[in-house]
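Same chain, two partners: chain A is paired with chain B first, then with chain C.
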Partner chain A sequence: MAKSAVTIKDLHYKYPNTTSEALSDISLTIKEQEFVAIVGQTGSGKSTLVSLIDGLIKPEKGDLNVAGLKINATTKAEDLSKVHHRVGFVFQFPEQQLFAETVEEDIAFGPRNLGWTAGQIKKSVDDALKMVGLPVALKTHSPFALSGGQMRRVAIAGVLAMKPQILILDEPTAGLDTQATNELLKLIKQLNNKATTVIMVTHQMEQVARYADHVIAMSEGKVIADTTPRHLFSDSQQLAKLSLTLPISVDIAQFLRKHDAKLENTEPLTLDSLADEIVKAMRSKENE
Partner chain B sequence: MTQIKIRNLTFKYPDSKSLVLDNINLDIKASSWTAIIGHNGSGKSTLARLIDGLLMPTSGLIEVDGMKVDENTLGIIHQQIGFVFQNPENQFVGATVADDVAFGLENRQISRLEMEDRINSALAMVGMTKYKNVEPINLSGGQKQRVALAGVLALMPKVIILDEATSMLDPRARQEILTLLKKLKKEYNLSIISITHDLNEIELADKIVVINDAKIAKQGSPAEILGDKELLLKIGVGIPASQQLQSLLVERGVTIPQKYLSLEELKNWLSQQLQ
Partner chain C sequence: MNNKIVFGSYVPVKSILHRLDPRIKLIMCIVYVILIFFVNDWLTALWLLAALFLAIKLSNVALKQYWQGIKPLFLIILITVAFQILFSSGGKMYWHWGIMAITQDGLINSLIILYRFIIIITASTVLTATTQTFQIADALAWLMKPLKVVKVPVNQITLMLSIALRFVPTIMDETTKIMKAQRARGINFNSGNILTRIQHLVPILIPLFVNSFKRAEELATAMEARGYDPNAPRTHYRQLTWHTYDIWAALGLGIVIIGLLWIRIIF
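== the complex of A and B ==
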């Protein structure tokens, strides 16, 4: 049984000067090395939840355990900041936060703040560049002279340089073209395969279907579903309530079923498995 | 009828040697939907800005409704063409939604009464009437883009240019905006030019223009362009799901009658085979 990376129990959170709770009564567990997708409409509480996991804010009630650190309403600021040694957070449009004159300085910012030695910092910058698939020679370039996809990689390298055990990404592919999107997701999956726990906030159900082992669906500050992608996509009533779309492969399968096609698996999570299902159904029809 | 005519258009920035656009020839019909696609940096956004007179050509000609786009006609051109940009955050100037929609009208010498009318009908067109007195900051991304669109519609343009206008929206808000645009185009005979790399948006077009390395690499119907996988991969747009599934089925020995099927056509064909 895998250890848990994040445990949340009876959590409540309200933003200052507001009356309604942004999060109410959240309990969930994320295991080490899982690839978790957090989905839900804008304003459902996804970003608040990941901000709590990153120790950016404290809960009002309830407990969190993040990579072995306990967080509750009484946690002191200096203890809260320890979370940043273990959790990396890639914000939406992270390239907007690039600031340094060179790629190297930008990526080194986090490790330097963690108080690492010059040698450690240099190695972490090189490692991070390799991880995001950028040539080390790019170090001396200005980050602002790079393409949009490359700028985003530099911003992500800045987070990876701190070697987080848990990586949180908020809509990491927003605004990228298809090619840059696919490359970035492949990279995130590779990091996940090398033992990083990934928590990804996304609106893209194709990405959930293809990459996530575990999906947490939120609505109005509550967890509505905490399950596998396959299970979530099989419950069309639940999906409609959450205003979520179906991945295209599941959408086609359900359309065919509605029109009397006999498909064995009605939630194929990829086009590949959908094609398999269709071919199987065609063969069995021929044999009838 | 040709609404926008582009001949031998070339553009480069003053301090640069390389051409951003190189000998572009293009006709855009009235009441049509044209998608302009290509890599980041291919020159597609520059082309849109040239059509609207936000930039001036280095050489060549652009005509809108038979009128040459230059310094003298800019005022009239801007009345005919509305522009919606990528990031709604950067487009807001008013304290309320109504103020914001009013902004474009204020330099048009329109009576206060008519202005009020136009604001109300533009907000109704985009389904934002009840947000009239709301501060733009309190709107969602999709709502902000609707308001930006209302600001453009209030000017009653003939052409709307969307420069990656849906790329920062979530899929549901994006679908809603596209459905709305489809409806407005039909009801008001608008022409739409969308600069995009979103496949859903591309599939809505009557005509697709592919810009690559400053030149038009290909132009044609969705079937002609979206069936050309090699080209789509080259420009980083990706392959539509319908085409991917078609290839996967062909690989598995399924014979599919036509070369290009849209997603709807493919779904219908498959359901006939499996019934």
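== the complex of A and C ==
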């Protein structure tokens, strides 16, 4: 059994000057090296939850344990900022936070804030650039002269340079074209394979089906489902309640089943596995 | 950041002042600020203060909320007053050191400045607390109409103004977002000396500027795509109409003016 990277117990959070709770009574565990997808409609509390995990806001009630650091309502601000040594957060449209004169300086911003030595910083910048697939020659360019896709990669490199154990991404593929989306997801999966715990907020069910081992569905500040993608997609009633759509492969499989196709697995998570299921079903029909 | 009431923000409650036409409110505020400069003794000061208290009472916004709005500006007021006390001369001298001196005239002048500052800021806060920004922009547009005769581009000025006001909340939200993102990258805004704190502003201000310029360009393109012509005559979705209570408000203003003149002449 893998160790847990994040444990949350009876967590409550309310934004100042509001009456209703943004998060109420959240308890969940995220294991090390897991690829977790957080889904739910706008305003369901996804972003609040990940902000709490990154220590950007303090819980009102309840306890968090993030990569060994305990956080609760009485945690001091300086202890809260220690979380950033272990957790990286890629915000939505991260290219909007670029500010430095050169790509190198921008990527070095995080490591420098963490107080690393010059040698460590230089190495981490080079590593991060390599990870996101940008040429090292780009280091001396201005981040504002790059293309949109490249800017996003620089911004993500800025987070990866901090070598986080847990990587949070808030809709990392929003506004990217198909190719850039696939490349970015592949990169995230690679990092996940190299022992990084990934927590990704997303609206794309195909991404959940394809990459996540664990999915957390939220609605109105509560966790509605905390399960595997396969299990979530098998419960069409709950999906309808959450106003989530099925990934296309599951959708087709369920349509086929409704029309008496005998599929063994009714929740194929990728189009490839759907194709396999169809082939299997056709073969067994031939044998009859 | 924090959700405290900021200086100049609208307070969405119901009151007589909220219901008034923004044009009469703007005129009242301007006239009132002019009147403040006619104050020359205790009685006139008290008379205008009473008028302000009446307006606060009618605005249905607690005095405490006004105080919270003004508090951030208080330091600037105090510094100005301190300068006034120390560096003006005339009348009896109580204390001096180098070029600094505390004199009778200095004390009186600083008292007047303190009074004017607080009253003017509070009065304009009453206006902004009871009037939404787009209403103020509409009222200003109406007030500037006569300037069209002398070829002042009133339409363009009001458009600029309403766009600027419209984007204040957007930029505030964006500031919060960028600060959060940079905090996630390990920056600590609450530590270090003044110099490092100023340096910490760079990663917030530059993205903010870059994004604002981008947004402005997009907005301009979108407006042009929809056929915006700066010189075409404009119509308004929100029409301003005068009501009877606006006349009462104007009468109230008249009473304040006459009262002030009367006090100045009699006493």
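Throughout what follows, the second predicted complex is superposed on the first by the 288 of 288 C-alpha atoms of A that agree within 3 Å, B and C clash if a C-alpha of one lies under 4 Å from a C-alpha of the other, contacts with A are read in each partner's own complex, and residues count from 1 in each chain.
Convention: a residue touches a chain if its C-beta (ideal position, glycine included) is under 8 Å from a C-beta of that chain, and two chains touch if they have at least 3 such contacts.
What you are looking at is a predicted structure, and each value in this text was computed from that prediction instead of being measured.
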Chain B versus chain C as contact partner of A:97, first or second or both or neither | second
So, A:17: does it touch chain B (first), chain C (second), both, or neither?
-> second
First, second, both or neither for A:264, with chain B first and chain C second = neither
Return first, second, both or neither, reflecting whether A:79 touches chain B, chain C, both chains, or no partner chain.
-> neither
Which partner, chain B or chain C, touches more chain A residues = B
Just which bits of chain A does chain B share with chain C as contact spots?
-> none
Within the complex, which stretch of chain C touches chain A?
-> 2-3, 177-178, 180-188, 190-191, 202-203, 206-207, 210-211
In the complex, chain A residues that touch chain C = 15-17, 51, 54, 56, 77-78, 81, 84-85, 87-89, 91, 94, 96-100, 109-110, 113-114, 144, 158-159, 162
Which chain A residues qualify as touching chain B in the complex?
-> 41-43, 147-149, 174-175, 177-180, 182, 203-205, 243, 245, 248-249, 252, 255-256, 259-263, 271-272, 274-276, 278-279, 281-282, 285
Mind listing the chain B positions that touch chain A in their complex?
-> 39-41, 86, 140-141, 164, 167-168, 170-173, 175, 197, 199, 233, 236-238, 241, 244-245, 248-249, 251-254, 263, 267, 270-271, 273-275
